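Below: one structure in structure tokens.
First chain written, first letter: the chains are A, B, C, D and E, and each begins at residue 1.
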Amino acid sequence: GESASKTPEVSSANEGSENVVSGGDERSDWPDKFIFGLLPTEDQAELAKRYDPLVEYLEEYFGMDVELYNVANYTALIEAMANGHIHGSTFGPFSYLLAHERANGEAFAIPIRQEGGTLDDIFYYAQMITLEEHGINSLKDIKGNSLAYADPASASGHLFPKAMLINELGLTMDNVDDFPSDVIFSGSHEASLYSVLNGDVKTAGVCSTCIERVFDRVKDHKNFDQLKVFHESAPIPGGPYVIQGDLPQSFKDKVKQAFLDMKDHEQGKKFLEENDYLGGYAEVGHEVYNVVQETAEALGLSPEDLLN
Amino acid sequence: MYAELMRRKKILFKNQLFIWAIIIAMIVWGWTGTNFNLSFLYKGTTNMAVFIFTDLLPPDISAIGSYIQPALQTIYMSFVGMVFSVVLSIFFGFMAAKNTTLHPLVALVSRSIVAFIRATPALILAIILVVAFGLGTLSGTLALGISGVGILGKAFPDVLEEIDQGQVDAVRATGASWFQVMGQGVWPQFKTGFVAWSLYKMDLNIREAAVLGLIGAGGIGYTLQGHINLFQYNKASVGIAMIFFLILIVEFTTAKVRERLL
Amino acid sequence: MSDIVLQTNSLGMTFPDGTRALNNINLTIRKGELVSIIGPSGAGKSTFMRSINLLNKPTEGTIMFEGEEVCKAKGKKLRLIRRQIGMVFQHFNLIKRSPTYQNVLHGRLGYMSSFKGGLGRFSEEDTRQALNILRRVGLEEQAFKRADELSGGQQQRVGIARAIAQSPSLLLADEPIASLDPSSSENVMNYLKTVCEEDGLTSIVNLHQVDFAKKFANRIIGIKAGEVIFDGSPKELTDGIINYLYYNK
Amino acid sequence: MNQLINKKKQTTNQMIVWLLFVFFIFSLLQVGILDERIFQAFSRVEGLLLGMFPPVVNEPIDLAGAAIESLQIAIMGTLWGIIFSIALAMFAAKNLTPHISISYALKAFGAFVRAVPALIWALLFIIAIGLGPTPGILALAINSIGMLIKVYSEAIEEMDTGLIDALRATGASKFQIVMQGIIPSIMSIFISWSIFRFDINIRYSAVLGVVGAGGIGWELVRASRIAAYDQVLGITLVIFGMILLAELLTRFLKERADLATAKAME
Amino acid sequence: MSDIVLQTNSLGMTFPDGTRALNNINLTIRKGELVSIIGPSGAGKSTFMRSINLLNKPTEGTIMFEGEEVCKAKGKKLRLIRRQIGMVFQHFNLIKRSPTYQNVLHGRLGYMSSFKGGLGRFSEEDTRQALNILRRVGLEEQAFKRADELSGGQQQRVGIARAIAQSPSLLLADEPIASLDPSSSENVMNYLKTVCEEDGLTSIVNLHQVDFAKKFANRIIGIKAGEVIFDGSPKELTDGIINYLYYNK
């Protein structure tokens, strides 16, 4: 059937949608329902709120049904996008690259936390942490000490720290894991933080926003005063909102416009306030992530290599 | 007498009707609530076939190397973790089963503890263990052990409650103590179920990825998951094959041991 | 010969589903007696036996065994009482997956430390004795077979052997010769009679074969529909009573 | 002679036990269980545990909605799992299978189903169907089959063979033997395994994270991403409550059934 | 009266553990006979019965039942043969959790469509007949109890009722009166005799009670250690033979 080809479901879009909103002609090849996936990305500090206002806003804006899916696994989202089952989604910076590669996803917008903020405010950092007592002050001191990464697929918890080692110390993929005495995946940023505090590992790569939000809980830890950041990465752009690239251009434009206009609508504003996206959405293009991609490629970090 | 039979059948029938009504109501509720519909599946078979034959297959044999070390580690952790959970679960199991418990209240408490362990998400277990014992295989093993109590601590009492009471009575009638009744009357009947479930836990441990991944203990399941997350599906299929192989070994052992005991 | 071993007082038993299996049973059994209980199928014979060692808890009345109130006993006390009371089950109730000799050894559990018994570490003496008893009941060749591989009569004899291994002071045997051929039956009954006479064992034996009851028992109790309707010596058991017991509705 | 065979069997058994023991010690060393951290564990974990209390349930209405969705998915996943597993288990059990190779094949199939990670199953269905509860349900059903085939068929294999013999001797067909002999005899163990699987599925729909429009698993991931462990604990308690509820409901139904049976049989 | 119902030819059976339970059994059983098999415990009586309907596959020899070779039958054919052969088990083998009447109805399964039988949709006629048989064996009051709540003798009679409900042309009864009191025993044996004489049913009954065998059977077969050592009419069974059968080692 038609769903065999890996293109989004553009089928039977012309039925019944004309009379909803004017300009029916250009909508003839739009999907009849906008399906959007949501993924908890690592730089999202506040993920507590629901997305009902967003759905209401978008439905009103498009004049068509909107369906949101919360999915905790980005592989699932990317495969769904590649097979035409969803039209758009949020991703983390690195998973966006994968979505771009595998599902032809295109970044189009990004939420901004600060009121009146600009694109400059979307960045966060990968940090290398340690305890004072270990006497580790720079990347090269990691030599012979243990190092924890968060998760193999985490940008700030694995890919960027590793890239830093390769880039700044002149290591290669082959010997970067032999540089520290031990390389461990802890599974999460917080586990890495605890492991450093407890002295189980000497150093760890973590994301700045991720550990700040648990400082409250660990500030009584006896080693908390000793915790220090001894190196920081170049700015990493936050996770973008992504749309499937094979969709009709008019549709993609409309979706982008919907997010950019959000702060001017009552429903949209409600959603933004509830989620602490006080600056609304700013437009981004794939170029913003060229930094991520170029770094990765220049270092020979194709996805396949990263795990070995 | 036939009329009497019909009257009694009616009582049963009414009750069955009631139970089926509840079950069917739940199914209808679930069905409509989830819009479950299998016709999609038929439409999507081509997509699935494409995925299986172009992405999963052919397996990338060179990936075997990346699995060897985790596989070994998995076996060590699985084995110790299994022993750990078996020991704890035997205790909880005997306490929780109606016919072997020391007191009904003890049974209730045991069942609740086990249910709570089962309800505890991998994530909570993982973070507690990482904080308590640090990253690595030690925590991983303990995680496997504890999560096993959730499974075996439920399975063992269910098996125990099904054994033939007449045989147990006979041992009890000799004046045997609780421990003796368990050892000589219950155990011979229980051991096949015991072996099967314990090895099933081994099977679970071998595949486990969630907790182990969150703990930095690695293991074959986690490596496999890593390949999936990076879309290296033809490396993933090698991992699946290896896990399949390991599970078959466990299954075969189970069958052999049970045959001996049955 | 006149010590009271067992005394029941207005014993009654009603099953949860309402079946009235025993009704006002008052019996006194003395040391060394070999009492046979007879009665039609469903009369309550098995239920009576299972009440004595509390495998079925009677719903009314009291049971005194060697001066102890059985119904009130618990834990260690109950175990000690049960150790004194050997039981041969109507359905044998062997541990099917354990070998024959081990089933006999179970009779020794009450005499061992809880731990050793639980692990099956029986002493050499106990083991020899168990094998001896097996020989007595004609099963030396079956000693190492699994219990469920035995023929019906062989299983029944294992059940008897287990009860005897217990060296009880009271033996409850529920139709111990139902599945036995005439020769084995006589063998077993003779054995019981000898033990009663020589060692002062007291036995209560449910029997369907009235001729065996008359031949071996010194006292016969007839139960019908949960009530004792005859209690006397074999000679006093007339054909009229037997008729009433089995045939009259 | 019998004794001799027995002796031989015993020594091999003992040898196997010893080998396992040695391997156990070896594995113990491999996993580094003898570690000083064992003794410091409590003091280290104290602060974290305190952070989990008191458990919090934010926005209970949303959470209830998510819980209901997970429950519905678990019901459907279990339903399909049970239906297919019962059918397959009848052919997988050695004492019922038409041919022993069918039994082996089905058991290997079960092992294969278990070897493929839940995530891959979920991906397969997502690729075919798209997002939503249906792929989650199918993934749960498949996973249930992997376990239940094994559990059901072993329960059947352990049944008293005399009962099957008795029905076979009446000339009953296989289907009749199953329905009239096996099901009544192992009904209660069937029910308890099915409930057990339902319970696993409730939790599994929570961790699978791909079951669709939310579900309690999403809530869990959400709370954990923001490292709000008091919320995570709150959600855990909700899941615990769901499991208990399922258990209570079945117990109620079972008791009612027993009562009716008693009434009909008194 | 002279049609051959069953014929065995050098039938032999060795269990996997090496026990030789049957050895070169050659028997011919004719329509309408009530044959009683007697012999000491462990002689091979049950094994012989279980061989006939292939519950134990004999290791040697052939069995012809109504002109069909039993050992070669499979699938539907085997089911049809088994439907013709009713069996009363020594250990009853009732479906313990099903009610009594349902256990009796199981005898009808072979006559029903697989589907109806599986769902337990027994016809009114079958049900009435089953209840009738229960009345015949004196169990009308137990008809609705669960099978495991019955007394030993009651369970045994349910097993008999099930076999009779099957309307077999050959009935194999393995110690059907072992757990029965004298009155029920006579009742059951009389019933079997009547059915044999009036309906042309053929019965093979294992018995331990030689007097019952002599009273009811028209032919007695003595088995010892797996071999037929006597085959004749009750009158030909002398005390000497009985002695040799049971007592001589």
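Convention: contacts are C-beta pairs under 8 Å (C-beta built on N, C-alpha and C of every residue); 3 or more make two chains touch, one makes a residue touch a chain.
Just so we're clear, the structure is a prediction, and the values are computed from it rather than from any experiment.
**Student:** From chain C, which chain is the farthest off, judged by mean CA positions?
**Tutor:** A
**Student:** Farthest chain from chain E, comparing Cα centres?
**Tutor:** Farthest from chain E by mean C-alpha position: A.
**Student:** Report which interface contains more C-beta contacts, comparing B-C against B-E.
**Tutor:** B-C
**Student:** I'd like to verify one number: the distance from the centre of chain D to the centre of chain E, where each centre is the average of its C-alpha atoms, in whole angstrom.
**Tutor:** 43
**Student:** If you average the CA atoms of chain A and of chain D, how many Å lie between those two points?
**Tutor:** 35
**Student:** Multi-chain contacts only, two chains or more: what residues does chain D have there?
**Tutor:** In chain D, the residues touching two or more other chains are 2, 37, 44, 48, 119, 123, 127-130, 132, 212, 229, 261, 264-266.
**Student:** Hey, what residues on chain A touch two or more of the other chains?
**Tutor:** 75, 79, 83, 190, 194, 198, 200
**Student:** Spell out, as numbers or ranges, the residues of chain E touching 2 or more other chains.
**Tutor:** 17, 91, 144-145, 149
**Student:** In the complex formed with chain A, which residues of chain B make contact?
**Tutor:** 43-44, 46-47, 50-51, 66, 126-127, 130-131, 134-136, 213-216, 218, 222, 226-232
**Student:** Quick check: in the complex, which residue numbers of chain A touch chain B?
**Tutor:** 1, 3-4, 74-75, 78-79, 83, 98, 102, 148, 151-153, 184-188, 190-191, 194-195, 198, 200-201, 303-304, 306-308
**Student:** Could you pull out which chain E residues touch chain D in their complex?
**Tutor:** Going through chain E, the ones touching chain D are 17-18, 50, 53, 55, 79-87, 89, 91, 93-99, 102, 106-110, 112, 114-115, 117-120, 144-146, 149, 159, 162, 166.
**Student:** Can you check the complex and tell me which residues of chain B touch chain E?
**Tutor:** It is residues 1-2, 4-5, 8 of chain B that touch chain E.
**Student:** With touch defined as at the start, can you tell me which chain E residues reach chain B in the complex?
**Tutor:** Those residues of chain E that touch chain B are 101, 124, 127-128, 131, 135, 140, 143-144.
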